[in-house]
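Some structures are shown below for you to check.
Okay, so subunit A shows up in both of these, paired with subunit B first and subunit C after.
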Partner chain A sequence: MTAAEKTLIDQFGEARENLPGNGEAWMDDARSSAIRTFEKNGLPHRRLERWKYTDLRAMLGQIPAPATGTPVSDLPDHDGINAHTAFASIERYHGVFVNGYFQPQLSNLEDIEGVEIVNLRGNFNNFPDWVKAGLGNTSVFEGNAVLALNTAFAADGIALRIKAGATIDKPIHLDYVTTGDEAATISVRNLIIVEKGAQATLVETFTGPRDVAYVVNAATQITVEEGARFTRIKVQDEGLDAFHLANMQITAGENTRCHDLTLTLGARVSRNEVNVGFSGENADVTIAGASMLAGKQHGDTTLCITHSLPSSNSRQEFKTVLDDYARGIFQGCVIVKPHAQKTDGRQMTQALLLSPNAEMDAKPELEIYADDVECAHGATAGDLDEEYLFYLRARGIPEAKAKALLVAAFVAEPLEKIEHEGLREGLFQLTNAWFDRRKGEA
Partner chain B sequence: MLVIENLHAEVEGEPILRGLNLEVGTGEVHAIMGPNGSGKSTLSYILSGKEDYDITQGSITYKGDNLFDMSIDERAAAGIFLAFQYPIEIPGVAAMTFLKTALNAQRITRGEDELTTPAFMKLVKEKTAALNIRPEMLRRSINVGFSGGEKKRFEILQMALLEPSLCILDETDSGLDIDALQLVAEGVNRLRSPERSMIVITHYQRLLNHIIPDRVHVLSAGKVVRSGGKELAMELEKNGYAEYEDQKINAA
Partner chain C sequence: MVAVKETVEQVKEIEVDQYKYGFVTDIEMDMAPKGLNEEIIGFISAKKNEPEWMLEWRLDAYRRWLTMTEPNWAKVGYPPIDFQDLYYYAAPKSDKEGPKSLDEVDPELLRTYEKLGIPLQEQAVLAGVQGARIAVDAIFDSVSVVTTFKEELAKEGVIFCPLSEALQDHPDLVRKYLGTVVPISDNYYSALNTAVFSEGSFVYIPPGVRCPMELSTYFRINEAQTGQFERTLIIADKGSYVSYLEGCTAPMRDENQLHAAVVELIALEDAEIKYSTVQNWYPGDAEGKGGIYNFVTKRGDCRGKNSKISWTQVETGSAITWKYPSCILRGDNSIGEFYSIAISNGMQQIDSGTKMIHLGKNTKSRIISKGISAGKSSNTYRGLVSAHRKASNTRNFTQCDSLLIGDKCSAHTIPYIEAKNSSAVFEHEATTSKISDDQLFYCLQRGIGEEEAVALIVNGFCKEVLQQLPMEFAVEAQKLVGISLEGSVG
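Up next is the complex of A and B:
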């Protein structure tokens, strides 16, 4: 066991009794089982296929102590908080977390029509069954040490139930803000159920200070029931010394449409893992993203879509821009089980390398055990097209500005598919600004 | 406006321009004609600053300055505009964004104020109407999904917006039907002014019925082998380039 692993186990021993749900048998069981899984496997390392390029055992030398809640009196008001600004002007339901703790006084998530909200810091023994079933489901962290740590340490989070048939009129924005100059480990666990025929859009943004090596471990479990439509947009814009470790698990039901888009801009090391399963047929799932990395950033996107039932579509569409010494990783797998006939699964990953020292590792994987399926994957990597650059410059656009336009153009495709205009524009603002902003920061 | 003296240029050791001389005065329209492969596009690219060519001899002076001291975008801001023979498609960059960025970048380089969005939109509306360009087209990515004629008209639209001092049109007529040719020629003629010079590169005399040149030059094997008035274009139309193809063989 490494020193970091030992630290984590000790930290759990100390933190345990102050964690939400302590003393509730079902939660105690989930946490104990999670820490046992972690004790057995330790931090993921490069000899594990799924962690080949992101050796956490080597990278995560120091484990900061779990974040403690900031007293409310020390917090700024809603306008003073350094919340993520890209979506600030959009009509939305806003939920603010500070250092991993939900802040009701900074949020307006109360009384959204058609939504039941449960705060994990709330009264555990009164939790509805759907919350207990979700949080108590220990099978989700099988073989996933980061998710196991999340289950063990989760200090706060939100459970949202979008009620059957409800259409939520505005996006629900969960805004995770890290503050302070002391590094901490932040563990948040969210649970989302989109019931039959409901429609909702969730936005998650992550920001924090630069020069602080904090760690965010965020996990979101999402169940989309029959006929529901669900969109999630995540913007990972952590401080440039942070670790961002994220897990999302989506279960898509019959006739559902799920669209997930992650924009990765921040963190020194990030791992965005998305696993998709199906509980019904004819589902349509898109997992998309754009990563824009510079300096010595390391950004790992690892996806797995497992088609266990027939007749669903899945799309994976990722763009990565790398400058300086940045490293991008894309591991995408599509598994089609023997009974999952008429599956249509497509995957595309494209990288733009702005520097000879940048590195992209793309590892597509198709495992197909059914015969009547359509599956395809593609991976490309290249540098900026000189002909494009010449055309723009020949019209008087200076080189740096021309490059910025072309870089933003490269990642535009997945963003264009976001239907909500304000969110789409907010995303474009971020990608348009990246080229100039990165020079100041990286 | 433009003085080219004894210009020699090569690509990977292969000479393409071999002692080209050309002088274009302010307000003049010059046509450059010549067989395929004689170096017409190469000349236009060198003028706009494309970096694929080695200049081994000669000079280009533009408005009294050494053109080789200026970067691609500086040349554009100083008024050089090349309407490309083959306009490329750039996915992801909206045509409208591109036009606005280009116009304002040039204005900033020249020390002028940026145009406000309403002022820009008004200008675009005016220029698109004249060229029969549907405004929806500008919401698409640059040249993506444009027909051949639309691509050429989009080049002329850029020219009309940017109001350059030296317009270089590289075979803008190729691939256009008679109506499209007329539109493009009208667009070009509207831009004719005593302060603005033009180099109209074409393989056929057809375009020169609409854009009447002051001078016509024949380019062959990388140099100007003959110059004359607009009647030279007629003669070339009648006799073809056979005579000049021979010279190419001799020169090679």
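Up next is the complex of A and C:
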């Protein structure tokens, strides 16, 4: 066992008493089972196939203590455009977390019609069954050390139930802000159920201080029931010394439409893991993303779509822009189980390497056990096309500008598919800000 | 078109699940005792009258092998292999000196090869309808039986002989290159091979020579409970060219037999090696009983500038295939190619692919892989394309297509793409689908039976790879494609 692993186990022993739900048998069981799973397997390392390119055991040397929560009256000023400010002007339901703790006084989630909200720090005795079933589910972290740690340490989070048939008029924005100069480990756990025929859009953003090596471990479990439509946009804009470890698990029901988009801009090391399963036929799932990394950033996107039922479509579309010494990783897997006939699965991952020292590792996988399927994947990696650049420069556009235009067009593709205009614009503001920052540094 | 028509006819003739090379040759064998230890290795080395350094090298490999563990990352499943329950040396009993000419070869052996369709008699080859002449090195269990056309090749300075002979006649050449592409401890099976390999082919093409004919090795496992461990070493010196073919078969047996070969290719400046394989080891019966475990390490090193190595393989046999012919593109402007058709039927399991490791500048590689799975088989493409920091302006194109026939088989694609240089341009695409109903309907409507139609469509699916094979092999391969899929429809 490494020092970091030992620290984590010790930390759990100390923190346990103050974690929400302590004393509730089902929650205690889930946490104990999670820490045992972690004790058995330790931090993931490169000899595990899924962690081949992100050796967490080697990277995560120091484990900061779990964050402590106090209600704050005001958020620190944010200068410039980041994931926290980019969506400030749109009409939204706003839920603010500071250092992983929900801040009801800064939020307006209670007002949403057709949504039931449960705060994880609330009264466990009164938790509805759907929350217990979600949080108490110990099978989710099998073979997933990061999610096991999240389950063990989860200090706060919210559970949202979008009631059957409800259409939520505005996006729900969960805004995770990390503050302070002391590094801490932040563990949040959310649960979202979109009931039959409901429609909702969720935005999750992560921001934090620049020079603090804090660790965020965020997990979201999402169930989308029959006929529902659900869009989730995640912007990871953590401070550049931070670790961001995220897990999302989504189960799509019959005739559902799910669209997930992740924009990765921040963190020194990030790992965004998405697992998709199906509980009904004819579902349509899109998992998309754009990563823009520079400096010595390490951005890992790992996703797995398991088609266990027939007649569903899945799309994966990922763009990665890498500058300086940045390293991008994409591991995508489409599994089609024996009875999942008529599956249509497509996967595309493209990377643009802007600097000679950048590195892209891609592993797009297909695992097919059914014959009547259409599955395809594509992967490309390369520099900007000289001819495009020449075309623009021949028209009097300076090189730097021409490059920025081409890169912007490259990452725009998945972002443009977001239907909500305000959100789309917010995303473009963020990508533009990335270019401005690069220019400033150059 | 002719070849396609032939395939269709061939398919008609053959009964379901028939492996036509499944016969056993009854011949007296000289065997080493069962099991593996330093003594056996000494025995093999002494049998081959090897120099001291070879024995040391083998023992070194054996000691390292003892510390290694079997790889288990491939998508194949099989019961553990008892490495002590195998014969590591089996040779047809013959004169101590070995046959000097064809007349001295045991006629039973010659008949075996005749049955397999390999003409060993030079006259027969010359008079052959095929028109092209091929020099053959025939390997029977652990030893080379005969090598044809040696003299004619010698005129050009080409050395083509069994590796054991090369060790006697050209020890310096062998010592200089052997084990430089696949090091001793490269992997579990290559280490085992290094310790116990008993035979193999050695090819050396001198500078500037274009090898006047196709070279070919034909491997045959005959004896029960033997493993076959051969080692092939091909060196193409500056500016030379060689095309090499490899074929293999084995009798039908209920037990699983192990085949762990190592192939090393070295292409120096401006040289080109074209290596083609038609792998048709016994795949086991419909229930998955018996069959060859084919655990092979094949690697080519484009050591010089402007060199080229091209792998073409047609994989139809073996119960389990674990094989990744690779190219190390070390020389600037070198080119690596991999063309593969992997067909699995019955209970076969294939985990195969390639590695293209770009080290030099302006290196290019191309991968075309066609996987076809039928029956209850599993077919995995696993490949790596990587460009290292200093490998600027590298280019790779990869296409992996899988075809599924029936709803009990599976097809997987696991590519690893590692770009460490921004000027590298890598493209990868893969598709998985079944034979389209439209295509099938089109054929059926024109009076072509379902099985023929499938063979036709599959041949079309593989066309890009089949085109890369030398003429003689292409025809054989096309037939194999049809035969391997026998019984998979309807």
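Everything that follows uses one rule, which is that the second predicted complex is superposed on the first by the 424 of 442 C-alpha atoms of A that agree within 3 Å, B and C clash if a C-alpha of one lies under 4 Å from a C-alpha of the other, contacts with A are read in each partner's own complex, and residues count from 1 in each chain.
Basically, contacts are C-beta pairs under 8 Å (C-beta built on N, C-alpha and C of every residue); 3 or more make two chains touch, one makes a residue touch a chain.
None of these values were measured; they are calculated from a predicted model.
Look at A:405: by the touch rule set out above, it reaches subunit B but stays clear of subunit C.
In the superposed pair of complexes, A:376 makes contact with subunit C only, with no contact to subunit B.
Shared-chain residue A:341: touches subunit C; no touch with subunit B. Look at A:396: by the touch rule set out above, it reaches subunit B but stays clear of subunit C.
Of the two partner chains, subunit C is the only one touched by A:366; subunit B is not.
Of the two partner chains placed by superposition, only subunit B is touched by A:413; subunit C is not. Within the superposed three-chain model, A:388 lies in touch with subunit B and out of touch with subunit C [touch as defined at top]. Touched residues of subunit A were counted for both subunit B and subunit C, and C has more of them. By the touch criterion defined above, A:200 lies against neither subunit B nor subunit C after alignment on the C-alpha atoms of chain A.
Of all residues in subunit C, only 73, 389, 392, 402, 404-434 touch subunit A in the complex they form.
Contact residues on subunit B toward subunit A in their complex (touch as defined above): 48-50, 71-73, 75-77, 81-82, 84, 87-88, 90-93, 97-98, 101-103, 105-106, 109, 141-142, 158, 162.
Interface of subunit A with subunit B (complex): residues 387-388, 390-399, 401-402, 405-406, 408-413.
Residues 49, 338, 341, 351, 353-383 of subunit A are the ones that touch subunit C when the two sit in their complex.
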